[in-house]
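The structure is given below, and queries will be raised subsequently.
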Amino acid sequence: MTLLSVKNLRAYYRTEVYGISRTVQAVDGVSFDLLPNEIYGVAGESSCGKTTLIKVISGNTKPPLKVLEGSVNYNFNDYKVDMLHISQDELRQNVRWKEISYVMQGSMSVLNPVRKVIETFRDIVDTHERITDKKKFLEQTRAHVNRLGLPTDVLNAYPHQLSGGMRQRVAIALATVFQPALIIADEPTTALDVVVQRGVLQMIREIQTTSGNTVLLVTHDMAVHANVADRVMIMYAGRIAEEAPTETIFDAPLHPYTQHLIHSLPMIGEKSTKASLKGAPPNLADPPGGCRFHPRCPYVMDVCRTKVPDLISVKERHRVACHLVEEGAL
Amino acid sequence: MILLSYNSPYDPGKSFVVPWDLPPSQEHLFGTTSRGQDLFWWLTFAVRNSLFLGVLTAIISRIIAILIGLTAGYRGGWLDRVLMSLNDTFVVLPLLPILILLGFLLRDRMNLFYLAVILGLFGWPFDARLIRSQVLSLKERSFTRTAVYSGTSAFWITINEHLPFVLPIVFATTINNILWSIGMEVTLSVLGLSDLTTPTLGTALFWANQHGALVAGVWWWIAAPALVTIVLFLGLYLLFTSINEFIDPRTRLRLIGG
Amino acid sequence: MKKYTLTRRDFLKQAAAFTAVTALTPPLLGEIPEALLAAQGEEEVAPGVPRNQCLILENPSGTVQPADDFNRWRSGYSAVWVSGLQQLALDALWYIDPDAGVDGVWDNALAAEPPIYNDDFTQMTVKLREGLYWSDGVEFSGDDLYYTVDLIKNTPGMGNQGLFESNVDHMEQPDRYTVVFYLKKPNSRFHAAFTVRWGALYIMPKHIWEQVDDPVAFTFNPPVSLGAYKLRDFDPNGKWYLWERREDWQRTSVARLGEVSVKYAMYIDPGPSDKRVLAQLAHQLDVIHDITPEGRITLARENPTSVGWFPSFPWAHPDPTLPAVIYNNEKPGLDKREVRWALTLAIDIAQVALASYRGAATISAIHVPPTGMYPQYYHEPLEPWLNDFTIKVGGEDYKPYDPTAAQRIADLARPSLGDLVPTDPAIIKQYIGAGWWKYDLQAAEQLMLDAGMRKVNGKWALPDGSPFRVPLMSMNPESNPTMNRAAAMIVENWTTFGIDTSLDSQANPWPIMSSGEYTANLAWTIETWGGHPDLFFFLQYWHSRLYVPSGAPSAGSNSMRWKNPELDRIIEGIETIAFDDPRGVELGLEFCKLAAQEMPITPLMAYNVFTTMDTTYFEGYPSIDDPYTDPVPNWGNTKYMFVKIKPKMA
Amino acid sequence: MSTNGKLLDVQHVTVEFHIGGLVGGTLLTAVNDASFSLESDKPEIFTLAGESGSGKTTLSRLLLRDLEPTKGKVLFEGRDLSTIRKRSEFTEFIKKVQPVFQNPFETFNPLRRVEAYLLDTAINFGMASNRRDAAEVVDNALRNVGLSLDEVRQRYPHELSGGQIQRVSVARALISKPRLILADEPVSMVDASLRMEIVNLFQKLRDEQQVSVIYITHDLATAYYISDRIAIMLRGYIVESGPVEDVLDRPAHPYTQLLKESVPEPTPKQRESWAKHIALGATEVKEYGRIGCKFAGRCPQVMDICRKADPPDVQVGRQTVKCYLYSGHGENAAAGSQS
Amino acid sequence: MRKFILKYLIPRIIQFLTIIFVGITVTYIIPRLAPTDPVEAQISTMMAMGSSLDPASIESMRAALTDLYGLSGSPVEQYFTFWGRLLRGDLGPSLDNFPTPVSKMIGQALPYTLRLLIPAVIISFIFGNLFGAMSSYYPKNKALKVIEVLGQVVRSIPYYIVAIVLLVTFSYFIPIFPFSGAYPIGTRPDWSSLEFILKNLEHAVLPAATLILVGFGGWFVGMKSLTSNIISEDYVVYVETAGLSKNRILIHYIIRTAILPQFTALAMVLGTVFSGALIMEVVFGYPGIGSLAIRAIYSNDYSMIMGITIYSIIGVAVAVFLMDLLYPLFDPRVRYQ
């Protein structure tokens, strides 16, 4: 059984400024499944399409973003949702927060700076389950916050009175008030210090372990994936480069890009020279033909320049899109 | 309409050149006034003069606003405090009574040029404040520091780094300023405190009032300038919003492909 | 041009497009059946005051601030003076009517007979009427007169204090109803201070004022009345004053002239001209002081119950006041007679009359207003002289007088106003005036050259080539735009002639005039009694001993700074003869001739006030056919209206 | 040329700010009694590491004379920075000390072409007298970072990749041939695949151009990778400093230990130990206001004395550590340093 | 707290006092540069009104008035006397309406102006901000677009034209509102009578509508530009994805934050609104400060002009100052830090 099944998703941005139109192929033929009870990591550099992917699967497709083809289907304990065709009302009432919630990029600023934290809780709870008993709501919220190991007095604080880490954890608490089936965490720790980052990620993991739901963890930081995710998907230029369980992907990465990502990272206690890839990530308004990684690939072959590599399964749960693998060179 | 004024068959300074009190007709598009002037042609001069006033005021007040806004914002410190005190003083001064008093003081010397200068001297504080706050935030951005450590002087930083961001504000406020000054002229004229022999939108209404146009049934003498004012304002507003969108750095960024 | 010959239907259609001023109000209010009107008249304008018993008049001074200060004797001016106070509640010794008067021009009001001077004018005896009472029941007597003059003489800060201080040596009260003034120096016009022409010294109730510590600060609220009315109520914001006829109105000085039939009178601030027109169209304002000529024309066309001084064009009551182009005779260029004459000949009076009054002006070529009894006193006797009068232009005699000017104005106004403009030359002469000065730019140019002026780049310059700027100041009060309109036209005329001029429109030009901070100015420095030919009223200020150069306030009305030995002689002649001496008119004619030659100011026309009265509820207003007084409601003299006006539905 | 051969000598500087609050604002000590120095004749890469709010950025602004210290002084080539008053003196100073900022896209005005900054720099510092000479100077600088003027000519910042533009930023800093470059988080905004080329660049500068670099970062992994010495900052204090291998391989201060332990390794091998529960700090302000050791609130080895007074600087091997554990107060003094 | 006083309060008070001082001095100087003086204005008004005055009488009156009005002595001496009186709270007597104190007359007129100005400003503030926020939150709404353009245009149209259009339309064309005054002629103001208050409201509709219409556009535009940044703020996007209703987001998340700078602006524009009220009162014959000011200006009543401008300057300066002080109450970010 899958929680989410994304098939051949193609989502482009179409903009027009003073007659100059631009198409950004942000997500270009992406297929993957999310399973219940896992932490699924999505990795990739800036503008590789990971944020767009989240927008589409969470039903936030607004112009200029447009889905050209593909499907996004959820199955929340037999409550089936076709995200590309669901009505806004149903999405708002039944899916958002009840089944899918978010911990957003820059969660530091997701709290209204001029309202107390408790009021944001009240707004969200009231929206989905009308609050009739204020006392009960307060008690439940306190209990929820406590359960997550946060002091209850954060509820009566204004956001700026809390440290960044605390704000992020409040955001996580907000995301989990209804025990959703899926939590999408988009770069949840990017702006945080390492110590705080560690605490926040621990919290996400604990919640996932105890409630058995699914976390979609999006971050560019491979080290975070290494320590948190169960499975990892590597995106490059709007496409999936490789997807595998964490152990596999770190032990035996198949795609040259994945290999570079993992091996180029410096580690404390190790001073061997590391190098960058040549070139820069492609402009998705005008991506290179064939394999989009080919201009930077150290093992580039002729076929790479013309043919888009298929995403093939090499082992169980390990998929990769590379001509080298297809041709058995690796 | 402005261009038309150069083709006018009538001298706006002359009365009784056409039959008076004629309602709008093909021959006299907006009718004629009780002073025997063709209202349409007369208003072509009025629009020209009002626009001249508006633009001149805007230029003067923009220059002051930019100078003070940029200086206060970038230099900061005591200079900022002094300039902002000055700014606030201008904000609290009751403008209209002062303008009326100045009207008395200057008497017939209060022509469009002086009026523009005076309005220009009063029309900058809100915009200077806006520019200053923009500069304050620009000052904190890294590229300003880059320029500082490139050895660039404060003057050139202001011109090269900050002005491009400030210009859209300047431009957006220009339209408001133009309309404001045209409006002020109307107000002063209606009270009889401007140069009444120069055709403007305000003096049109003044003379119409002086001739009891409303009560005499010469409604076109009031309706035409009021309508022209509204259409002019609407037109200028729409023109400027579209130009403004065009020169906005965000638009520019999108255009250069950012 | 066809505007006023449109059918009513067309007219409505036009007006409806933008304003219903003339379109909706007439159908709504103008065509209300009489029966409905009668019922309307029962409406109350204030608690207990029915509309048809209450005459509503415009207070031309507008809103009264502060509203509760009735001290008429203090220095300075307050709108409260004319909110009914000086018309209805106060009384003076004598009145001179600007027109014919109820019973002659001169009226002995509180006084029983005219002033009795001794031979050398150092003593003036006043005999008072008996049996007049203050509204609080106290009898009026010589004590009040004595007390009033004494208090003012000794209290700085009271108006006229200087007059009495410098004139009155002491007073005697030989009996209860007689007061004798012993003067410090001869003064043949001392009674003028007590004689109402618009206003004068009103008498105070001694029994009230003697209890007051500080007469300057005293507010005299409520005012104790010596007139036929007493104050009933007033608006603390000064928008209206309601007066009520005294039960004992017969114990006041007007009673002997007729029955006071109007029970209530209310002076209000009806707002600017357009609003006054609307108010009268709605029959909510019986007496309008003044409106724009256009407003008057609208009333003439739309409201049959509105009447004016003249039954038709130009309707207006001409004030005994002479609007003129006043030159500052001290300014370079304007100190030359030729230049002043050139500027006069560069004015097209017909255009000025059209622009200002739409032709509804009463023009005057000479330096006295063509109003009241003055045409008989001065204009008609001078006509032959004017026809032959010459000035030197380029060394040759030139006849500047144009006897057809009024006719020209009538002809020009007719296309626009049609039948409203009279055609009978005699009527035109009576209504619009006689001739004026020619519009002759060639002669004007020659005069300028005679004066040594030069033309530089198409503009006239002083002999030394420096600019000759003649900005024309004009008065532009909210209430009446005609002067400003005239000035704008003259500016246009002068510009055509090549004068570097501009319009300097002032809401209150008087103080600027007084200090001489102007070059040319459209206003008046000549006002007359109207009914009485004595010119000392304004000439008293024009003697060179009172001359003050520009920069300091002029003493009275010689704001043009004119100084002339011949003039001094005329003035000295007048002040040494008695008020009613027939030689006075002769000296007056001499003055007119001198002024025409010197042209210190260019006379234009009468100050026409479009006083308009509604006959819906009241009738008996003064008019040219029954000129018993002027209808202009801020004049103290309008108290006489109240013995003639009768309610229609009593 | 300079006294006691120091290129840069930071002597007990303290920076205090009055922070915003309208009602009862507080005094915040952003940098507290910090001292370190760089040798004049031995170019090195010196890392200032710490979390956000540790004072490292404030310290860097101090070194750029963007701020003046409340106490203490900063000497550059023997000259006290606070004596720089005239504009010409300031220009002379920044000719030798140049910054590289964190966000490459913010470093340059998005509305200006990047070459303008490069040419300006060359001319303003008198490296060239006209535009043509300047172009050559600029081109040389760009070649040092692996670019050329032709590649950046007519380009707006967003038309270059983050890695390129950060290299342009370094090139700009190099134009005036500075002795010292202050790089504030130069790679944190750069994509991982491009990061190392920047980092490597600093090493190249040190080795080939004799430029010292102060590398300011929260990223201990890159710090370890490129720097010679490191100073760890916490709430305004330098709590530990020394050669980078010593400090990061054998951290002595409990805070450094926690920091190092918290850095996720890009390998799933230490998942379990990394997931060990840790105590998080209270709000920044609270910790700033703390008397004594700022870390006392979450230190696993906290002692009473830690909460009473600032710990002394103690020399432990080649490291300097601000901790009571090493000043004879602690019983298991060496315990932490081996973990 | 000490620090708050030293670092925040004192500089602000100094600035506040400086502004008032400079402002008052400027308005002190300007009327005195005019070519006329109030004594002359009084005398010439009497003359122009047709009173016959003896030359001696005029001279003595001139001396008496100059003395009474406190206009004797050099301008500098007068200036110091003026401050001396002002600091004792004495604005002096009105010169045009001598000896009524200026403060008494202002006291009588001020309530009328305030009763009109305050509701009008509040209404335009509320609606302008509400619609402004809505228009940036619902960018596709056609009706809001129309409102925006109208608001923008009306806001720049002179008060006079708006007033006259309203007056003509609703008093003449569709005669549903009275065209002058604050209550009918013949009625005495009685604020305890409901009937009177209703009458007053009826008279206040058009004047207030003028102020509201003109004021609306400014708030609208200001709010729109403020909210256009806020609608893309994380906390708004966040609650949108959390499924909060649009209205709740608009009010609690968008307006609640964006309104803060508008409060400061509210204090700042009071001066402008005052100018508008002046014109409006002239057009509608409303018995407030504006009517008083115009009359004073026309009659060169220095003390009244000074009195009104002093009230206005202090009023606006105090409003700005208070807004500065109160701002922390509205914005918790500033309050606790």
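Labels for the chains are A, B, C, D and E, by order of writing; each one numbers its residues from 1.
In this text, contacts are C-beta pairs under 8 Å (C-beta built on N, C-alpha and C of every residue); 3 or more make two chains touch, one makes a residue touch a chain.
For clarity, every value in this text was computed on a predicted model and none was experimentally measured.
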{"item": "Separation of chain E from chain C in steps, with touching chains one step apart", "value": "1"}
{"item": "Maximum centroid distance from chain A, chain identifier (CA atoms)", "value": "C"}
{"item": "Pair of chains joined by more contacts [C-beta pairs], A-D or B-D", "value": "A-D"}
{"item": "Chain whose average C-alpha position is farthest from chain D's own", "value": "C"}
{"item": "Separation of chain A from chain C, taking each centre as the mean of its C-alpha atoms, in whole Å", "value": "90"}
{"item": "Whole-Å separation of chain centres (CA-atom averages), chain C against chain D", "value": "89"}
{"item": "Between chain B and chain A, distance of the C-alpha-averaged centres to the nearest whole Å", "value": "52"}
{"item": "Distance from the mean Cα position of chain E to that of chain B, given in whole angstrom", "value": "22"}
{"item": "Chain E residues counted as touching two or more neighbouring chains", "value": "35, 168, 297, 336-337"}
{"item": "Residues within chain B bordering two or more other chains", "value": "104, 107, 214, 222, 257"}
{"item": "In the complex with chain B, residue positions of chain E that touch it", "value": "11, 15, 18-20, 22-23, 26-27, 30-31, 33-35, 149, 152-153, 156-161, 164-165, 168, 268, 271-272, 274-275, 278-279, 282, 293-294, 297, 305, 308-309, 312-313, 316-317, 320"}
{"item": "Interface residues, chain B side, partner chain E - complex", "value": "81, 84-85, 88-89, 91-98, 100-102, 104-105, 107, 126, 176, 179-180, 182-184, 186-187, 190-191, 205, 214, 222, 226, 229-230, 233-234, 237-238"}
{"item": "Contact set on chain C toward chain E in their complex", "value": "16, 18-21, 24-25, 28, 44-46, 49, 56, 62-63, 65-66, 69, 74-78, 81-82, 156-157, 159-163, 165-167, 192-193, 197-200, 216-217, 233, 235-240, 242, 266, 268-271, 275, 278, 284, 321, 477, 507-508, 510-515, 517, 527, 537, 540-541, 546, 553, 555-557, 634-635"}
{"item": "Partner chain C, residues of chain E touching it in the complex", "value": "35-37, 40-65, 67-68, 94, 96-100, 104-105, 108-109, 112, 168, 172-175, 179-182, 185-189, 285, 287, 291-292, 295, 297-300"}
{"item": "Chain A-facing residues of chain D, complex", "value": "51-52, 161-164, 191-197, 199-200, 218, 220-222, 224-225, 248-249, 258-260, 262-268, 270-271, 274-275, 277-278, 280-284"}
